[in-house]
Amino acid sequence: MLIAKVTGVVVATRKNKHLEGNRLLIVQPLDRDGKPKGNSMMAVDQGYAGFGETVLVIDEGNSARQVFNNPEIPVRTFIVGVIDRVDLE
Amino acid sequence: MLIAKVTGVVVATRKNKHLEGNRLLIVQPLDRDGKPKGNSMMAVDQGYAGFGETVLVIDEGNSARQVFNNPEIPVRTFIVGVIDRVDLE
Amino acid sequence: MLIAKVTGVVVATRKNKHLEGNRLLIVQPLDRDGKPKGNSMMAVDQGYAGFGETVLVIDEGNSARQVFNNPEIPVRTFIVGVIDRVDLE
Amino acid sequence: MLIAKVTGVVVATRKNKHLEGNRLLIVQPLDRDGKPKGNSMMAVDQGYAGFGETVLVIDEGNSARQVFNNPEIPVRTFIVGVIDRVDLE
Amino acid sequence: MLIAKVTGVVVATRKNKHLEGNRLLIVQPLDRDGKPKGNSMMAVDQGYAGFGETVLVIDEGNSARQVFNNPEIPVRTFIVGVIDRVDLE
């Protein structure tokens, strides 16, 4: 699980049918100080996140099938929350 | 899940029988700006993608078994859509 | 599985309902000498860890669903113990 | 899934009993141009691959349990085919 | 799956109850030439490995639950054998 920032939206007309109706976002992982670190990835969103928001991303298929309530959805990376703030040590 | 570009086709005569009839592609992951980033990987395709196209790749075996409708297929990385465009922040 | 240090707490008001009631921590992976190495990640904690403590982190969803006793919880990274000390060769 | 070259054989007398009878190979991942890239890994082989051959490797435990037809085998990385050639763009 | 060297032992008093009775080791991944490469990780051992030995490590939770014969054990990385030698090409 990681913290990332929503930096883009993907438009894909030809795609697996189970992906229809979900937003495909590009997210940039952040380090604990809020700086970009590592490669961007694609995350599916059910409506938590807006452009530029910091989000909590999970990268696990079995969780996705539970959360999207669809055993056939080919999703592995998705957004499970919006982060208000991080309290550092 | 990641965005990648189709850059090659793999020819493999001796292979697991469940892989027969599917295309084996080489895909190069892209960063959000569309530049190559990270190592190439192999992705199985059911017919979404052509040479040079930008695709949405998922790296998860349980999803593969659902999408290929075959509980015995040894596939982990496959293509679930073709990306038309990316809208950046 | 890896050794990490708890370096922050995440506050997220809008989040998946199954995550409620658990602490969301930021952990920094450590190398065997106790030096930070690699990217920070988010880990869910059930009450093992305090700020600055060195913890044992596992990154696996099926284990999480067992440990949290909740088949629908979207958790992949979590804390399974507090490390007292490491004996090196 | 990735393309790799077989570069070594591992001899291990003390090992999990389900691993007996399978070959333990060292494989070096290759980039699309056939150059070594990234760390070597261990892959189990059922008889597809010889020394120096280029192979298709999958890194997924559930697939392994299907292909090896053994629900208890602790295998995650294994060889599913031999690559004859790669056609680049 | 990877080859690694046992370089440390972890002492953790407060931990998930299913981890009790197993040894928690620090292992350093090795490249094919036996040189350290990449980050150390934690691996659970059932009695295969001693300090300084070269071991075969698997990083997969479902295999762990089979091998440890415990569906609730939060283990992902563990030792499945001791490597006697590696024959290189």
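Things to note:
Read from first to last, the chains carry the letters A, B, C, D and E; within each, the first residue is number 1.
Here, a contact is a pair of C-beta atoms (placed from the backbone, for glycine too) under 8 Å apart; a residue touches a chain by one contact, two chains touch by 3 or more.
All figures in this text were calculated on a predicted structure; none of them were measured in a lab.
Here the C-alpha atoms of subunit C line up with those of subunit D after a rotation of 145°, rounded in steps of 5. Once the centre of each chain is set as its mean CA position, subunit B and subunit C turn out to be 31 Å apart.
With centres taken as mean Cα positions, subunit E sits 19 Å from subunit C.
Within subunit B, the positions touching two or more other chains are listed as 62. Passing around the ring starting with subunit D, then subunit E, and so on, the chain order reads D, E, C, A, B. Looking at the complex, you find that subunit D touches subunit E at residues 6-16, 19, 24, 26, 28, 39-44, 51-52, 61-62, 65, 71-77.
By the touch rule above, subunit A contacts subunit C in their complex via residues 1-3, 29, 31-32, 37-38, 48, 56, 58-60, 62-64, 66-67, 78, 80-89.
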